[in-house]
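Take this structure first; my questions come after.
The letters A, B, C and D name the chains in turn, as written, and every chain counts its residues from 1.
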Amino acid sequence: MRVNNKPILTTQHYTADPADTAFVFIEFQNEFTSPGGKLYDAVKDTIAKYGTIENAQKVMNGARDAGCTIIHVPIAFESGHREINGEYGILANVKAGEAFTASTWNADFCDEMKPQESDLVVKGKTGLCGFHSTNLDFMLRQNSIKNVVLSGFLTNCCVESTMRTAYENGYKVYTLMDCCAGTSVAGQEAAFEHTFGMFSIPTSSGEIMDSIKIPVV
Amino acid sequence: MRVNNKPILTTQHYTADPADTAFVFIEFQNEFTSPGGKLYDAVKDTIAKYGTIENAQKVMNGARDAGCTIIHVPIAFESGHREINGEYGILANVKAGEAFTASTWNADFCDEMKPQESDLVVKGKTGLCGFHSTNLDFMLRQNSIKNVVLSGFLTNCCVESTMRTAYENGYKVYTLMDCCAGTSVAGQEAAFEHTFGMFSIPTSSGEIMDSIKIPVV
Amino acid sequence: MRVNNKPILTTQHYTADPADTAFVFIEFQNEFTSPGGKLYDAVKDTIAKYGTIENAQKVMNGARDAGCTIIHVPIAFESGHREINGEYGILANVKAGEAFTASTWNADFCDEMKPQESDLVVKGKTGLCGFHSTNLDFMLRQNSIKNVVLSGFLTNCCVESTMRTAYENGYKVYTLMDCCAGTSVAGQEAAFEHTFGMFSIPTSSGEIMDSIKIPVV
Amino acid sequence: MRVNNKPILTTQHYTADPADTAFVFIEFQNEFTSPGGKLYDAVKDTIAKYGTIENAQKVMNGARDAGCTIIHVPIAFESGHREINGEYGILANVKAGEAFTASTWNADFCDEMKPQESDLVVKGKTGLCGFHSTNLDFMLRQNSIKNVVLSGFLTNCCVESTMRTAYENGYKVYTLMDCCAGTSVAGQEAAFEHTFGMFSIPTSSGEIMDSIKIPVV
């Protein structure tokens, strides 16, 4: 039935054409991913347990090779963090800790997850949801994307907010538990157990990689 | 310092003027709240454990008397549920179960939580987040609201999505655990333990009621 | 190339499948359209010059017959107009004039443009843009709509704001000059001359009707 | 009545505190403002007629000195313009002309309007409306801004879309005709005559400058 020889994405739930599928990688930045990052100690246990970085890298490269759109969603604040008031909640911690300051090593993508020239990099993220203060939805629409595969940091904060809005925006949303990390294994597992299935199809790096195959035409 | 004798809202964290404070009640509709509602069985245990309905009613009446803005956020679908495609996720269940059909008893507010003439009723909610497909943000801004106090159904679905967006939209957000209910006590407790503190000041009906006092001027 | 015998939409610019095409009719309500409406006198000259009502009715019926999605976007305010503060700008006039009060004849759809059971009716519009405070975008995405054909009132107010956001949201937008009306012929013509071409493909009821044909399969 | 000695903003319509007032400068980038810019020829006549650049510079410096928040809203695309599909409308021209390519002189702010360290610079603008794909609303909310004073390019495109959304978002919006420019004097005058008064208080650089005074305390 397919008229070209591009690989397709198939899970037990769905078959998608790479032409309308985007893999969205949220905040694979040194502040989270690398020893020396201010939040590394908070997330290193879930990274270690799930193999977050290696799995995400494998998925990113495989999806790019298959012709999917690769999108990176970094968070960054200008020195002084004047974009946020720091009054309460998680953004207060971000401001107090001067985390993710633009143009520093801390805000850089980690070595394993550097954008390639064919990737898109979202701009404007100064909140939690990957859509709210950014051009993510705009670029997804301009590029006729229907399927969004999510991974990154923090599982129950930015990844979850992005998942919830992606579902609300009408995309077919997949979430990759073993490509995410949070501040506790219990929090990550609670998120996948209680909420991720309401707004996405939770799956794994292995299942997604298996689904990217060259179809018979 | 205050120049009028209106009551104020004070918690350990904050003092707010009722003039810019809204209490937002999410989906206190028979489908959830009342025996015979299609989702009542799913939530009756958490309702019973927390006293969700009585607490919410007490808070609603007290906040209204104190001069706060009371906002109701119902969800409803026209017969046929053509507003949603029912492809996957929680909205697929809503469509398959024909839940919250407009102009039926199921979609009506429960007796304890009927809107009064001075209240505002949000329109358009056909998704999960109370902001996404509605005039909630529009009315909050037109009415110069800064503080948003959230309660309702489901704790980790519509209430949580609304909380996340309210935080992103710059409101000071309070969440009332004992005025919420979900499909499991474990899910509700996981939500408050792992995520609500990132996007709101979790508090309770008692603390909020204590905070609504006539100030010395 | 087409695999079914549904009619298609073709203009000099584009061919669209009715399955992903919505005709969006903005505020065909008595307040604007009918003698006795508070704003009828303001728009009757442009209605008369362009034949707005007859043309829109013809397009609505033709598009519905062709299998396109028909969407009505009414504006309405509860008695007291507490949804808006009336501080300045056009909403101040709406509030001062108590226009479009819900559940009155004034807010009703005019006889020529009553919704049919298969149509969708947008909820929540209490501002100008058809998207901003409503479930329009939500329903368009849930229904996999790609092409949006706009008409209604006022040309350079609600229709134009809706067009601008529709373009920003990535839809293919068409505007039907002879199915719109505004408070002055000069304003309507200035809008089409200077701005509509930036955000839409301006066309006419005749061209759209001609484009809805049964294709050879 | 005022408790500090900060200057205030007063026009015939309004008095605002600089603490909650932002001046938003849209696309004062070489592509528009400077000989050699790809769009300079299209706008140079309106720039010359209104004195757009000098007026905007004067207002920017005066507003900054008065303690208002200064916000710059540039547009920029990565090489290849993959953020946009270029299918139709004004973004098709932007893509075809490779306008506003990031990290080139063309996308730089012009000499007269360089951001100072205390200013905020919006990120993500790859569409027309200054809010749609950016962190503008997010930063305005985080900084408790109520009043938004708009100027820049193009009068009836990005400035007008930004004005429309700012109004919808509940800000008190001012527009400065003599700090804007478009592709024709007729288009600029039509915009101010027919639409700007619906969504803003149109005023001028002179009136705004007069309104920024040190108040008697």
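Assume contacts are C-beta pairs under 8 Å (C-beta built on N, C-alpha and C of every residue); 3 or more make two chains touch, one makes a residue touch a chain.
Keep in mind the model is a prediction, meaning the values are calculated, not measured.
Two chain pairs are in question, A-C and C-D; the one with more C-beta pairs in contact is C-D.
Averaging Cα atoms per chain gives one point for each, and the point farthest from that of subunit D is the centre of B. One simple way to say how far apart two chains are is to compare their mean CA positions; for subunit C and subunit D this gives 29 Å. Subunit A and subunit C have CA centres that are 37 Å apart.
Among the residues of subunit A, those in touch with two or more other chains are 127, 132-133, 138, 142, 168.
Under the stated contact rule, the graph of chain-to-chain touches is complete, every pair of chains being in contact.
By the touch rule above, subunit C contacts subunit B in their complex via residues 78, 82-85, 120-127, 132-135, 137-139, 142-144.
Remark: subunit B residues 138, 141-142, 144, 168-170 touch subunit D in the complex.
Of all residues in subunit A, only 13, 87-90, 127-129, 132-133, 156-157, 160-161, 164-165, 167-168, 172-173, 184, 186-187, 190-191, 193-195, 197-201 touch subunit B in the complex they form.
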